[in-house]
Amino acid sequence: MAGPRPMAVADRLAELGIVLPPAPVPLATYVPTTLCGNLLIVSGQLPMVDGRIGWTGKLGAGVSIEAATLAVRQCFLNVLAQVSAALDGDLDRVRRVLRLGGYIASTPDFTQQALVMNGASDLAVEVFGAAGRHARTTIAVPVLPGDAAVEVDAMFEVAI
Amino acid sequence: MAGPRPMAVADRLAELGIVLPPAPVPLATYVPTTLCGNLLIVSGQLPMVDGRIGWTGKLGAGVSIEAATLAVRQCFLNVLAQVSAALDGDLDRVRRVLRLGGYIASTPDFTQQALVMNGASDLAVEVFGAAGRHARTTIAVPVLPGDAAVEVDAMFEVAI
Amino acid sequence: MAGPRPMAVADRLAELGIVLPPAPVPLATYVPTTLCGNLLIVSGQLPMVDGRIGWTGKLGAGVSIEAATLAVRQCFLNVLAQVSAALDGDLDRVRRVLRLGGYIASTPDFTQQALVMNGASDLAVEVFGAAGRHARTTIAVPVLPGDAAVEVDAMFEVAI
């Protein structure tokens, strides 16, 4: 009674026109991912583009919701790049996006963090379908490392 | 040598006079809970009451510790409602409240976040007894989605 | 083909001149650690020294990077003390430091949180070697409980 075999993630990425970025290198003595059983834990990813933070500043002080939505999308692409590296390039081993954490640099009067974070959540579902539907916690922060506008971390269930 | 069978959680809730709220619906393409083995991950819950945020504003700028304590208690009730929904209504399948994360919207000079978060921690122990004793991280944030005063997320160990 | 047996963690701590502090007592109805299978979850640890917060204030407003680096190091020592207590004193049961969360009290214009957090990350690797290499998320917060300058929480994989 199984339904049609789902599309391979690599094919789905191609269909979406997405080329994963190279996995960003951590800036210190930590690593991009760790694994405990089937639980893959992904370090917080900044919106790095070609080795530089692509979006700096704060929501409520010059960074628009549209720009920040692109920034969290970039963070999620960097999450995916780290997951792909941890899985020897085989994203079909992802069983579930378990959780995304969204950290939105904000002035104290900006309250649309959830809307911004949808840039990552929507992309997770576009790429993984039902397996991309995740638990999520989104908060504001006063600032982020390197003045990044947003940061996203994650937990995945993977086949080992 | 087993002790007396512990009271069913539903009975304990009734004894405490607690009627769980309906599980709040996420505002975007994420889901309230995900499961990885016995680990149930719960999305950040705002202090929703009847579909609206019941407590807005910040500690240190008009929201009292007493009000915020009620607000985190409401967040935890919403956590419980999500867990109940994930367990087909059977909260006796909860083995342990593993972790609570508390996010308290604060001005930079308010430092009593731990006291506020006790509203959730105390309720966890009232409901689940020893199984309600959890690890916890409490931080301040400059603001929260929808101007909510507080947010709580959680991880539970459950019988599957 | 196994390499040399790694040094016991207790010996490594002695070599580093580290005496673990007593495990700080939580200030409320939560507990320092919870366990779910091999996953040990550690509550957020403030930079407690002899029962008092050793470093207060914010980065960008009087707390130097050097002082904050010592403070996160103290937080990680308190994490280790909690892990040791959870493992009946046997830190050799640590298989992996899975994740550190770093919360750095900051003014909105301070952006060197990653540099500060290296105080904890470097110590994890000094103590545990390759098993100390962890995933990490570092964010700024406007303030912390008790006006602590920094807070660190953690997840470990342990042998049970």
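The chains carry the letters A, B and C, assigned in the order they are written, with residues numbered from 1 in each.
Throughout what follows, a contact is a pair of C-beta atoms (placed from the backbone, for glycine too) under 8 Å apart; a residue touches a chain by one contact, two chains touch by 3 or more.
Since we're looking at a predicted model, the values are computed, not measured.
Rounded to a multiple of 5, the Cα-based rotation taking chain B onto chain C is 120 degrees. In this structure chain A contacts its sequence twin chain C using mostly different residue numbers, the overlap staying below half.
Between the CA-based centres of chain A and chain C the separation comes to 25 Å, rounded to the whole angstrom. For chain A, the set of residues that touch two or more other chains comprises 37, 39, 107, 141-142. Touching chain B in their complex are the following residues of chain C: 26-34, 36-37, 39, 41-44, 58, 101, 103, 107, 141-147, 151, 153.
If you check the complex, the residues on chain A that touch chain B are 37-39, 96-100, 106-115, 117-118, 121-122, 124-125, 133-142, 155, 157.
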